[in-house]
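In the part that follows, the structures are each spelled out as C-alpha cells.
Below, chain A partners chain B and then partners chain C, in two separate complexes.
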Partner chain A sequence: MSGINNGPKDQITTSQAAVMVINYMLGAGILTLPRTMVEAAKTSDVWMSILISGVIILVAGWVIVKLCRRFQGKTVFQFMPEITGKWIAFIISMIIITYFITISAFEIRIMAEVTGFYLLEGTPAWAIVMTFMWVGLYLILGGINCIARLYEIILPITLVFFLIAILLSSRIFDVNHLRPLLGSGIKPVLQGIKPSLLSFTGYEIMLVTTAFMKNPKKANKAMMAGIVVPVIIYLITVIMVIGGMSINGVEKRTWPTLDLVRSFEVQGLFFERFESLLLVIWIMQIFSTFTVTHYAASLGWSQLFKKNVRPFIFAMLPVIYLIAMIPKDINEAFKLGDMFGNVSVYLFGGIPLILLLISILLKKGAKPN
Partner chain B sequence: MSYLPNWSLLVQAFLLLIIPILLVLLSRVIRKSLKTSMDSHSKPEKEIGLTDVPISGTYDSDIASIRKAIGDQADVWIREMVIRGTEIRAALVYVDGLTDNDLIDTHLIAPLILRGVAEEHRTSFLDSPLSLSTYLMEQLIPVSEIKKVTGLQAFTEGILFGKTGLLVEGLPETLLIGSANGKSRNVEEPMSEALLRGPRTGFTERLSDNTGLLRRHGQNESLVLTKFEVGSRVKKSLVLAYMRDIVDPNLVDEVTLRIQNIDIDDPIESGYIEQLIEDNVLSPFQQLQNTERPDRVIAGLLEGRAAILLDGTPFALVLPVTFSMLLQSPEDYYERWIPGSFIRFLRFFAALLALLAPALYISFISFHPGLIPTKLALSIIETRQGVPFPSFIEAMIMEISIEILREAGIRLPKPIGPAMGIVGGLIIGDAAVNAGIVSPFLVIVVAVTAISSFTIPVYSAGITLRILRFTGMLCAAALGLFGVVMFFLLICSHLVRLKSFGVPYVSPIVPYGLSDWKDLFIRFPLKSMKKRPFMFNPKDKDRRN
Partner chain C sequence: MKRSLYFVLRIAAAILLILNTGCWSSNEIEDVSVYVGLGLDVAQVSEFERGIEKQGASYPREKVLTATVQIVPPITGKGQKQGGSSSTPSEAYMNEKLTGDSIIQIFRQFSLRRDRPLIGHHLKVIVVSSELAKRYSLEQIFDFILRDNDIRPSCLVLVSHRNAFEALSTNEPGEVPALYLAGLVDNRYRSNKIIPPVTLIKLDSAMQSGSSFLLQNVVTAQNDHKFSGAGIFKGSTKKWVGELSQLDLEGLSWFSFDVKGGALKTYAPEGYSITYEPKNSKSKIIPKVEGNDISFHIKVSSEGRLIEDWSFPEIPSSGQYMRELEKQFEKEARKQIQQVLHKMQHVYRVDVGGFNKQLRIKYPKVWNKVKEDWDETFSNIPITYEIDMKITDFGSSTD
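Presenting the complex of A and B:
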C-alpha cells in the first residue's frame, strides 16, 4: 500500500538540503585536518587558511547553485548533455561517478582503520565494513528523502556531542600554542589552503540535490548554511587541537583530534574520557558521507542509462568494497583520499564554472528568476 | 599488479552483494504471500436452511419455517399468543440472554394480550391485513425501534442479533422490535492506561457506549462517525471517527479504502483491524495507536487524526501515529507545562535507556573497559570477578528472567502479582548475585532498564523497545560500541523509511519544523500551541478561531 502524502517524486526541504551538505562535509577530514594543514603550512596560523578556503568554497558553491537553478528538477547527469553534448557529458558524468564511488570507498576504509584501531582490535575489517555497508544500503533503498531525514536526526546529536567533547578540551588549551600570529608571514597560510580545501569537499552534492529541492529558489541559502556550519566546526577543531597540542604535537599524530580528546580526563563527570563519544558521532558522520556518495553514484549510473536506481545501488556495493580494500595500508588510503581531493578541486571548482559560462553564452536552460 | 584484489576479497565482495539481495527477495516473497493469501479468499457459502423465502401470511407454515430455520437453537424462544379482542394468533420470537425480558413482558406481551385491539377498530382489519401491522406499530406497541421485514432470512438474522420478532397471523410481513440488551460492563477507569489526573472513563466493549462517550465529550457538530461492517462470517460494526472540518480528506479516503479491503471471517479485536490495515507488516513498530481513553481519542481527532472503534472491544485505534506520540501521555497536557515537559523529557530518556542500556553495558565491559572511568571500570571488574560467563550471556540471563517475571506477573491474579514481583525481582536478583552468576552492577543495569520500559505510556510500544533491546544486545556482543552505533543507525534508518498512513513515522522530529516541535520533547504552554500539527496536513490549521 502506498502512502498518501507521496508526491510524484521524492522531495527535500531547504533545511534538509543544507543538512545533507553539512553531513557530507563532516567526514573523515575532521580527525586528520589539523595534521594535514600543519604538515603543509608548518605554522599555527592555519586557522586563517580555513577561513580563506571557506570563502573559496562559498564561491564554488554559489557557481554550482547558479548552474543547477538554470535546469530545474534536473541533476547534473541529466542537464549536462544539454550544455556540452552527449559524449562530453557522458565522460564528465563518468568521472563524477567515479569520484563519488572513490570518496565513498575512502570514507569506508578510514572508518575501518579507525574502528579497528580504537574500538575493535582484532575484529577483521570485512566484518566492520560489511555491517556498515548493509545498514547504509538499507537506508539508501529508501530514497533521498529518507537519507535526508536520517541526516537530520544525526546532525544535532553530532553537533552537541562534538561541541561538548571539543570544548572540554579547553582545560589543556594554551593560547601560546597559537602565537605568534602570522609569525612566519602570510605565505604558510596560503599553503594551508590546499589541504583545507580537501576537507571541504561535499558541497558538490548540491549538483544532485538541487534537483530534489521543494523550493529550488532557496538552494543558495541551503548551500550557505551547508558550508558555514562545517567551516565553524573545522575552525573550532583546528584552533582547539593546535591550542591543546601545539603544532609539533599535531604533526606527529595520525588522528590529532582524537588524540586531543584522549589526552585529558574530566574528573567528577560520569564519563572521564570522551573519545568514545567522539568516535560514536564520527562513525555516524562517516556513515552519512558514505551513504550520500553511494547514493549519488548509483543515481548517476541510473540517470546516465535511464534505468531504475535500485539495481545500481546493489551493484555499487562490491565495487565500493573492492576499491576501499585496494590501499595496502593507512598511508596509501590517505594518498588515495588526497588524490581525489585534488581531483575534486578541479572537477567541482572548475567544471561547473565552465558549464555555467557555456550555458549563459549559449542561452541553455531557463534563467532563474 | 599487487593491487589486484585476491580471492578472499572477491568472495567477501560477492557475499556483500548477495546477502542483501537474498534478504530483499525474501522480504518480497513474504509480502507477496501475505497479499495473495488475502486475495485468494473464498466467500463463505450461505448456510443451508436459511434460504430466503418470503413470509407467506399463513401462520402455521410461517411458524414452521421459522422453527426449521432457527428453532433448533437452544436459546431461541417462541412465545405464542392470541391478540386480545380478535382471533388472530401471534408469536414473539427472541433469543434468551440477548433481549430485555422486562421490556418484552411489559411492552410487547402486555399490550398484545391485555389491551389488544380496541373495539372500534376490530372490524376494520378483516378485509385488509396490512393495516393491522400499521395499527400495531402506531397504536399498540410502545417501543421506539420497530421495523417491518418481509423476508424470512432478514427476520431470523435480526432475531439472532438481539431483536424480538413478532409474527402475526394473516400478515405477509413481520415486525422486528429493538429490545437488545446484551450484557456490557460499566464505564470504568481503563486498566492499561491509568492516569493520576484526567478523566476516569474508559471505553467498554459495546460500540454504542463508546460512540456515545465520544459524542458526550462535548457538543460539536463536526464529529463524524461513519459505520462500516467488517467480517465475512461474523459481521461486526466498525466506526470510523474524525472531525469533518479538520481531518485531511485524503486520510479518510485511504482509511476507508483499507477498511473496505479488510477480508477476514471475524475481526475479534481491534488488534485484528490494526494488523490488517497497517502499512508495514515486517516492522517491529506499531503503526496505529491503541487506546482505551476517550479523551485521548478526542485529542487525536482534534489534531487531524482519525479513530477506529470496533464493536466488542474497549480498544480504539488512532491513526496515523508517529514515534514521538508513543512516548506522550495525556497527562502531559493536563499538568502545567513545566511538569508536563519534565515528565515527557524523562520519558524520552527512559526510552533510550530501555533500548540501549544493556547493549552499552555489554559493549563497554566486553570490548572497551578502557573507555569508562578507571575507578568505575575497576569496581565493575572486581564485582565481576567470580562471574563465569561473558557479559553478554550474563546480561541475557538477567534480561530473559526479568521478561519471564513480567509475563508471569500479568497472568497471575492481582493479589499474587506484586508478591511475585518481589520474590522474582528482589530475591532471585540477590541470590543470583550471591551465587556469583551475575554481577551486582548488571542487576542495577537490568533493573533500571526494566523500570525505564514501564514509563512508556503505550504498552505495545514498550514491547517493541523490549524486543529491540535484545537485538541491540546481540549487536553489542558481536561488534561492541561500533555494533551499538550500527544498531542505532539501523533503527533510525528503519524509522525514517517507515510511514503510518502516509505520515513519516519520525515526524515531527524531522523534517525540521519549529511549529510542530512545540509538542515534541518539551510541551509548550497551551497558549503558544496555536497550530494543529502540520504533519497530519489538517484542513483547519489553527487551533483557535
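Presenting the complex of A and C:
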C-alpha cells in the first residue's frame, strides 16, 4: 500500500482514466433523468438540453484537466495549497471531501431504495447496503489500480446490456412522442439544462486521477472520452424513454427508465423481461460510483493530513452509511442528490476555473509543455 | 498467536459461507398464487361473502367494486396422478372474487383465504367493466395498479361490455381466458377491427395527457368472448362514455392507426359480395389553420388484393373492372369513415382519432390555445377526406 503517494505501481492508463470518469458519471441519475428533465422543461425536446449540457461539461472538464496538468503528479488536495495558501485550500478540500462522501452515501441510498422496491422486497436495507459496502471496501483497499481494472471489466458489460435493454424498447417507440421539434421554443430546452447537468457530475474525479495517469499529456483525451460516452448513453436513454412513454407518461413515473423496460415483453428471446437485467448492470454502475467517491474522499483525508490512506478508508465506512440513512424517505434522498448536484455545478464548474486563473496569473505550477 | 487467529477467522468465514447459501427474502413459486388476469366490476357480493358476513366476518368498507383475480394454479402432484383423464375443464385457471372499496385491501384480503398469497408479476390482462368505468374515473380505479411494484406496465387493459368476471371465464377446457385475451391483440395483422394494444403505460400517458382515448371492448356470451368495438373514455373525466362499433373501428382504422390487414366488403350492383384485403395502407391527417379556423384533411391510400368475388356469372378481372371495383371500395371506406367521424363529432363529442396529435405536432402554438377544451372544439371542426384504393393483384385466380 503506497499510502499518500502514487508509487510506480499505482498508475493508470489513459483508457482507464476515461473508464473511471464514465463509470462515475453513470450512476443513480440515469434512472430518474428523463423525469427530472421533463418536469423541469415540460417538452419533448429535452434531449437537446443533454447535448448542450454535454458541451458545457466538456468545457468544465477541459478547465480541470488544464489545471491538473500544471501540477504534475499531484492531486487537487496536494496542489491547492500552492495556489491559495494553506487555510483556504484546507476549507475547499474539506468541502470537496464532504461532497465525495455525500455522493457516495446518496448512491448507496438510491441503490437500497430501488433494489428494495423492485428486486429484493423484504430484505432489510442494511443487509443490502452492508454487503455492498464491504465488497466496495475490499476493492478500495487495493488502490486506484485495482479500482480502474475492475471498472474496465464492468463498463463493457454495462454498455452492452444497457443498450440491448434500451434498444429493445424500440417496439413501443413512437416518433410522434418526440415531435414537434422546438414546439414551445428554445426556452424550455434551456430550462432542461440544469437537471441534466446534475447527471453529468463525475468529471471532477479527474482532479484526483490525473495525478495517477501514466501519461498525463493524454488527460484531455481521457476527459473527452469520459464525457462523450455518457452523453451518448443519456441521449439514447432520454430519446427512447420519451419516445416509448411520451412526456405525459414519463412525468408521473418514479423510475421512468426502469418502467420503460418494464413496459414491454419480448417473447421467444432467452429473457422475456429485461428489468432485472437492467437493474443488475445498473447496480454495478452504482457500485463503481460509490467506490470511486469513497476512495476519493479517503484519499483526500489522507493527503490533507499526510497520513496513510488505509485507516481513512475504514473510517469513512460508517460515516457514509450513516449519511446514507439520514434521508427519511425517498423524496428527501432525491432532494439530497439534487442539492449536491447543485453544489457540484459550482464547486467543479467554478472553483477550478478560478484556481486555473490564479495559477496562471501568479505563475504557479509548471506550464504544461 | 496471529496464525491461530487467522485460522479461527478462516473457519468462521467457511461456516458463514454455509449459512449464506440462500436468498434473504426468497419466495418459492409454489408458495404464491400467480394471477394472470384481473377483472374489475361494480360490486356484486358473492354467495361466499354473504355467507361469511352472516357470521360477522366482515370489515368496514363500501361496496364499490368487485375484483376478480384469475389464478393459474401450480401443477400439483395430485393433478399428475389424474393425468390420463382430461377431466374438469375449469382446471386451467381459478377465478376468485372479493368485494371492497380499495383494490389493495381486497388483494390483501385474499391472504386471509388462501395459504398462497397473490403476486402480480405475471399479470397480463386487466378487464374493466364499462359499468364500473361509467361510475368511476379510470384514474381512480387504476391508481393502485399504476403504483404497484409487482404489476408491470406492459399489462394489457381492456374494457368489457357486460361483466368483467364473465370476460375472464370460459367453458373451453385447458384455456386460460386471460392469456387468450392477451393473445387476441396479436391478430391485428388479420383484422383492422383491433386497435393497437393499450398497455398500462399507454393508458397512464393517455390519462395524463388529458385527451380522450379508446380501450378495446370485449363482448361475452355463453362464456365465450369476442373483441368487438371499443369503449370511449372522455379525456376530461376519464370515464366511459360510450362505444364504437366494429364498423366504426374499421372506419377509424383507415386514418387513425395503420391498417395491417382486414377485409373490406362491398356489394356489386347485382348484389353479390366482393371483398378487398388491404395489404399496405398509408394515411395522413393534415391539419390546416387559417386564422382561427382549424380544419383537417384526411388522406388515405391503400393497396391490397381482390380476395373474394361472388359475382355470377364471373367477370374476368380486367383492368377496367378493377378500376370500377376500386371506386366501389373507396365508396365503402368513405362510408365507414363518415360514420365514425359522425359518431366522434356529433354523438360522443370526443376526439379519439389522433387529430389532436397532428395538430400538436404541426401547429403547437394553436394547440396550446385550444387544448383545454379540445373535445368540444373538435366536434365543430370541418373534416374532409380522400381515399385512394389500389387493387394490386387478385390472388392466385385471375377471374
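Annotations
Assume the second predicted complex is superposed on the first by the 361 of 369 C-alpha atoms of A that agree within 3 Å, B and C clash if a C-alpha of one lies under 4 Å from a C-alpha of the other, contacts with A are read in each partner's own complex, and residues count from 1 in each chain.
Criterion: contacts are C-beta pairs under 8 Å (C-beta built on N, C-alpha and C of every residue); 3 or more make two chains touch, one makes a residue touch a chain.
Everything numeric in this text was worked out from a predicted model, so none of it was measured.
In the superposed model, A:Phe314 lies in contact with chain B only, and not with chain C.
In the superposition on chain A, A:Gly73 makes contact with neither chain B nor chain C. Of the two partner chains, chain B is the only one that A:Trp126 touches; chain C does not reach it.
Shared-chain residue A:Ile153: touches chain B; no touch with chain C. Contacts of A:Glu251 after superposition on the shared chain: chain C is touched, whereas chain B is not.
Of the two partner chains placed around the shared chain by superposition, chain B and chain C are both touched by A:Arg273.
Touched residues of chain A were counted for both chain B and chain C, and B has more of them.
Within the superposed three-chain model, A:Gly350 lies out of touch with both chain B and chain C [touch as defined at top].
Legend: residue contacts after superposition of the two complexes on their common chain; A:Asp259 is shown touching chain C, with no touch to chain B. Within chain A, the residues touching chain B in one complex and chain C in the other are 120, 123, 127, 265, 273.
Across the complex, chain C meets chain A through its residues 23-25, 146, 149, 152-154, 199-202, 204-206, 208-209, 357, 360-362, 364, 368. Here chain B touches chain A in the complex through residues 2-3, 5, 9-10, 12-17, 19-21, 24, 250-251, 253-254, 258, 279, 367-368, 371-374, 479-483, 485-486, 489-490, 492-494, 496-497, 499, 501-504, 506, 509-512, 537, going by the rule given at the top. The touching residues of chain A, when paired with chain C in their complex, are 117-118, 120-123, 127, 172, 176, 179-180, 183-184, 244-246, 248-253, 259, 262-265, 273. Contact residues of chain A toward chain B in the complex are 1, 3-6, 12-13, 15-16, 115, 119-120, 123, 126-128, 130-135, 137-139, 141-142, 146, 148-150, 152-154, 265, 270-273, 275-276, 279-280, 283-284, 287, 314-315, 317-318, 321-322, 325-326, 328.
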